[in-house]
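Shared chain: chain A. Partners: chain B in the first complex, chain C in the second.
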Partner chain A sequence: MKRWLIVSALAAASCAMTGAAAKDAKRGGTLVMGQSVATSTFNNAVASGTGVMVPGAQIFASPLMHDDKWNPEPYLAERWEVAKDNLSVTLHLRKDAVFHDGKPITSEDVAFSIITIRDNHPFNTMLKPVDTVDTPDPHTAVIRLKHPHPAILYAMGPPLMPILPKHVYGDGRPIKTHPSNTKDVVGSGPFKLAEFKPGDQLVLERFDKFFIKGRPLLDRIIIKTYPDSQTSLLELEAGRLHMQPFFNRVLEIERAKSNPQLAITSGGYQAIGGINWLLFNNKKKPFDDIRVRQAITHAIDREFIAKALHKGLSKVATGPIHSSFPQYSPDVTRYKFDLKKAEALLDAAGLTKGADGVRLKITCDYYPGDEDGQKRIAEYMKPALKKIGIEVEVRAPADFASWAKRMAQKDFDISMDAAFAWGDPVIGVHRTYLSTNIRPLVFTNNAQYVNPRVDELLAAAEREPDADKRKVLYAEFQKVVTADVPLSWVTELPYHTIYSRRVRNVPVTIWGTASPMLDVALAD
Partner chain B sequence: MSAEATVRSEHPTREAARVFMRSPAAVGGLLLLAAILAVALAGPFVLNVDPFDITAAPLTPPWTGDALLGTDQQGRDVLIGLVYGGRATLAVGATAALISILIGIAIGALAGYFGGTIDEMLMRVTEFFQVLPALLFAMVLVTLLSPSLPTVALSIGAVSWTATARLTRAEFLKIKQLDFVAAEHVIGAGRNRIIWKVILPNALPPLIVSATLAIGTAILFEASLSFLGLGDPNRMSWGLMIGSGRSYMLSCWWGVTFPGLMIFLSVLAISLIGDGLNDALNPKLRERR
Partner chain C sequence: MSLLAFLARRLSYAAVLVLAVLVLNFFLIRLAPGDAVEVLAGQMGGMTEQIRADLQREYGLDQPMLTQLGIYVSRVAHGNLGYSYFFNLPVTSLILERLPATLLLLVAALAVSVLAGTTLGVLASRKPNGPVSQLITLVSVVGYSAPVFWTGMLLVILFASVFPILPVSGIRSAAVSGSWLVDAVDVARHLVLPALSLAIVYLAQYSRLTRASMLDVLGSDYVRTARAKGLSERTVLFKHAFRNAVLPVVTIVGLQFGNMLAGAIVVETVFNWPGLGRLAFDSVLRRDYPTLLGLLFFSSLLVIVANQITDLCYRLIDPRIKTS
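Up next is the complex of A and B:
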């Protein structure tokens, strides 16, 4: 009863908000949206990345949605219950929902989708505890868990849990290469795929039998790929592009700010939780010495990076969890910019200066593809660490594959790196710190950090159903990890959406444009 | 015989120098290049700073702060970058030109002298390299070898020797039929001597011009590669400045304009010198004056 009240109050509040913001939000119109990474598949059950999740969330509906305050809301599931023992979640599906081919969406499809995602999605911790999915009737699905798994409330959100038609994808062909991932996609969401030119653009059209009446407002969404941010900004300025989400180039954001036709928002990225950091090779001398890691962390002027390099568009990161997450704790070991302390720490670690003032020569890699969040910070390390006698050689990666190989083979001293948290620490944070996740793969625990207490805390937090108790576990995790400093967190990534002032109801829920754009509209 | 040749060759050299010095454009180019070289070679000793140091707030426009020509997106002084960047750029240009000239002369000389099957084979190889898009090929090489100054120089040299090879071959084909070469054959001179000591010195004038212009081309090549992000990120060069400033061009014109201007001036100076040398070393043109 209580939950129902909360849900309906929220629904009323969001209606009121939408109503106020969208007086002239009328039906119709074609929204032209830009993206920086090309879409290679629409099946976000088996792939991650914004190029898949943004269109995927339009084409496929998920059991739940979330508002901008992390509250789960009904979507394909009109109600849901978490069992008292926290070992099952029951979804009560809408009875009027159909796929784009007209066939009804049933619990069989939900069960098929959940098991498919569990077994194929790159985020392998997301649904790992799911044992089976029972389907007592066509509109009820019961997810059985091996142990309590609170993250599932976010794993059931739009970018992560597309409900696929079993009659299309369950035909026995391998799901990762299924032809319907890119052609004749039969979705369950508000938009259907009308046209797809790989590497160029894709056209989504309103699905008229969508189960939420009167939604979506737009007739059509065209998503164009612009790998170069300057081009997309010019297109935005020319009015040919209405919206560009996941924009992280600070100078272009600055320029957009001064354009009266354009607006920017940092809303819509709360659940993305992107942080960049300097990775230390903890298994390699001298980075196995905590004093060396502390010294380097003290020598990085994060305020300079956030205020000057990022023009104040990013925030200093204090630890492993993004500050927009409910599990974030500010009570952590902080490393002030302090060169004297850094030098003292290096002296204590036995790294004394040679006659040329150099203590140590190291290399610094970076993940290619995010100039402001990676390359410029890697280049900043060169003058910054020189001040404490560390000579840095920046190793420019030729492409993503060559950087990924260096990370996988642990062939590095320090490297800039970043990760998205995707809704829950279990999904996107644990992978970087669990000692069991030291694997020859990129975006794993490549610092090779081992702390049994951290493993214990994360294992407990993964299963803790009580949100407050869970927060306490994560608070301790953040304290321990920041004290160990296996990597040095730099900034929260400066993601923004740049949009034309004609766009109404820009998506600002925790998932932003990686959730269905039901209320987005275009004014004249 | 060779003593006599030496005596005779001194004269044209002096004459060529006189013709060269009479051309205002050539002298202007020489002075410009000398000035650029002086700054590039001596500048770092005078300034004695690190061009990668952050000296002021990023993106300070020129003539507003301490940095005369402003600072780039990282807060590095553009003027200091220009002074230090000259060394790397000119060094890459000269090394790459040297590599390309050496490969070109070797292949052209052998093809021209021996003719026949050897010529056929070497010219097919040359054509193979000629039809490859040079910049694309250089990009592949730099990517494979990982970007650094030596690999950039090597890659540029490896893709730009074909014109020199063609020119050398043509000169050899022409000169090998002349009487003094026949005389060398008669007195029993070896192949090595005829190729490198007899024909090559006489083929040099056009090759010198070509080599000079090759330096200019190589500098432009280095800039193009850096523009595409394939420069050495640890050595300041004009190309690197342009490459890293490229994505900030809309808001920070000074980050790319000044190094671009330096590249323009250097290549212009080298071209003027090349032109002057061409006039001075080409007897036909000399007579026309």
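Up next is the complex of A and C:
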């Protein structure tokens, strides 16, 4: 019975986060990294997405960081305590930490940052229960909560809680459009921004007065934007690029595998927890009938998708929570690939075959931008569902905005879709299943799923301070949702990092490259 | 007509044209489904209604379309192209930052296509049915028929896998160097493939055009006279024939400047060249209206300037034009 309230860490030695550091990881060098989404801002207090979080986590330090097993570790806070009543968290900050302009990092800055994030970050459930942040002394910050909020231990991690200088961002100008979000950024993390060419590349330079002595190891990180995965692979092969995270193209990963200069890891994506699923428009006939949703789910051969379409790079998804999450439960309703059962279910639902063998004609959309995880699977639906008498027309979207509009307006029958969980189910999972989150927006409860029991379970899990009891609540949630099958989970996202064999200590903690790259180094 | 009056008239045409471009583009862009806020919601992995409403208000997307247009036109008239929805940076600075890369690409492609195209055309015209002419015709037809992106991709495959001697992406190597000479060579190496793939189409056109025009001119009386006077073949070709034959080529080069700019969008996307074209392509996907409108506005200015330069070139090449 490990209670989250007693989770507390001792002041760690200067580089506690160094796990099994490679022996030849030496200081110096310039790492060239690729990104597929352009960076729009460096202020990850007001924006999310990989293009923001990866550089953001290098420029700004957060109170905590996490290892590869979901354990919180000290970072800017050298230790922390959760009160017995679970209604406050006390952070004890390092006393030697300074911003890039040399001014000390104090509890005032922490309080300012937490309130700014609570009020502006797109993930509004992340810090919603935060009431106030008290600052009894310059190195102590007490976060007061309206109710217990266990997810805060992950919301205090590097991609989600940058500590901003209050003397820069607290000048009264609106934070979302603050000029310092992209220019003359004053950070608190291991690297400072040296150059920014919007949409092209950015250069980060080692901050010499960073509070962890001897870190980071690299002198410089250059992040280049490659909207096309083929180009970034060519650059990796040519040795001009050292590392490309968030890579999910099956053919290119296969090709990289055969290159002796390159290595691949699927580590570093645990907290992101992305799942590809097939969304049913639960409010539209005939998808309001559970038998139709079950039938379609039985007709999808997930093993085939994971093993053949994705060449074993992805994993079959069994339910709403990613299998790398501590809250994951395998004890759910599973839908075996069974065409006979699928046909029987459709017959029972009154969808009988016409003379041409067709029961139903539907359209299938997909989120553009993930060729293998979305488009391929949407295309697979056509032959797969034809076998049970459903004729599918794949509606290829022109671009993201076109698809997002269809989702927001609920103008679809079925659609491939995906979402990330971001460290805790409260942050990224609840939104897809809460009946209160049916909104005219992309990445909300667009299945329009309503089950009061699910609402209850999620509300309880959000506040349950005991990790084990919380797991029990989530286990029941996963059971109920998989039985209702408001959407059909297909695979977990096959994210990988491709890197040159010269790179040492490739980031594989739960946040991967969206965590400070303190130990990453380049060998000769 | 005096040069001044000529320029003044041209400028007033240009102003009307620019206004039309602004208004037309403003409405065209809004025909695309979805807006910038939805794209931002996607990139951020979700958004609340509160944030969406805030952003829409901030961007003025909650105003009626005509009000938005009025605000936009008056802002542009004051020299303010607004702020990018995506980067939240002034559009003018985004454009100016990208401009040198595109100009470099365009000038290089233009130089290659005009110089090589006219030279090949002249060569082909000397013996219109000889093997050299046939070969040039064949190459021109292939070059003209191949779409820019296809040529570009073939070049990428060729130089990335088969002969990895030239870079296929970006404008500079990541390695930071202090010496401008090293940097210039580095940029030049990056420039070769994009400039070549953009130039090929136009090179083919210009060589065909020069050949036809030269054949026409070479049959005229004054060329026969020049030859009868006993002038060398070189003088006849270049001083008498070519100078007259090149006028239609100049017209086409000027007219096609806009096409070339459009071709640059494709080439920049294929070669990851950080110019205006790639910015435009990305801005469409992001529904970043201010940036896109700014770019279109800027492109129309570029085309207008290019056309003025073409007209001035006429006057230089053919002194008779001044008086007409």
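Following the convention adopted for this analysis, the second predicted complex is superposed on the first by the 503 of 524 C-alpha atoms of A that agree within 3 Å, B and C clash if a C-alpha of one lies under 4 Å from a C-alpha of the other, contacts with A are read in each partner's own complex, and residues count from 1 in each chain.
Assume a contact is a pair of C-beta atoms (placed from the backbone, for glycine too) under 8 Å apart; a residue touches a chain by one contact, two chains touch by 3 or more.
Because the structure is predicted, anything quoted here is derived from the model rather than measured.
Asker: After the alignment on chain A, I want to confirm one thing: do chain B and chain C clash, or do they fit together?
Answerer: By the criteria stated at the top, chain C and chain B fit after superposition, with no clash.
Asker: Return first, second, both or neither, reflecting whether A:510 touches chain B, chain C, both chains, or no partner chain.
Answerer: Neither partner.
Asker: Of chain B and chain C, which one touches more residues of chain A?
Answerer: Comparing touch counts on chain A for chain B and chain C gives C.
Asker: So in the superposed three-chain picture, is A:181 touching just chain B, just chain C, both, or none of them (first/second/both/neither)?
Answerer: second
Asker: In the overlay, answer first, second, both or neither for which of chain B and chain C A:152 touches.
Answerer: After superposing on A, A:152 lies clear of both chain B and chain C.
Asker: For A:405, select first, second, both or neither according to whether it touches chain B, chain C, the two together, or no partner.
Answerer: It touches chain C, and chain B stays clear.
Asker: Determine, under the contact definition given at the top, whether A:32 touches first (chain B), second (chain C), both, or neither.
Answerer: second
Asker: Could you grab the smallest C-alpha gap between chain B and chain C in the overlay, to the nearest Å?
Answerer: Across the overlay, chain B reaches chain C at a minimum of 5 Å between C-alpha atoms.
Asker: Please write out, lowest number first, the residues of chain A touched by both chain B and chain C across the two complexes.
Answerer: Shared contact residues on chain A: 398-399.
Asker: Which residues, counting only chain A, touch chain C once they are in their complex?
Answerer: Its residues touching chain C are 30, 32, 37-38, 40-41, 47-49, 51-52, 120, 122-124, 176-177, 181-183, 197-201, 220, 222, 224, 226-228, 231, 234-235, 237-238, 240-241, 398-402, 404-406, 408, 419-420, 422, 428, 431, 439, 441-444.
Asker: Any idea which chain C residues touch chain A in the complex?
Answerer: It comes out as residues 32-35, 38-52, 54-55, 58, 83-84, 86-89, 94, 97, 156, 160, 164, 167-170, 173-176, 269, 272, 274, 278-279, 282, 284-285, 287.
Asker: Please name which positions on chain A make contact with chain B in the complex.
Answerer: Touching chain B from chain A are residues 229-230, 233, 249, 251-252, 254-255, 304, 308-309, 371, 376, 379-380, 382-384, 386, 393-396, 398-399.
Asker: So in the complex, the part of chain B that touches chain A is made up of which residues?
Answerer: It is residues 50, 52-54, 57-59, 73-76, 143, 146-147, 229, 232-234, 244, 247-252 of chain B that touch chain A.
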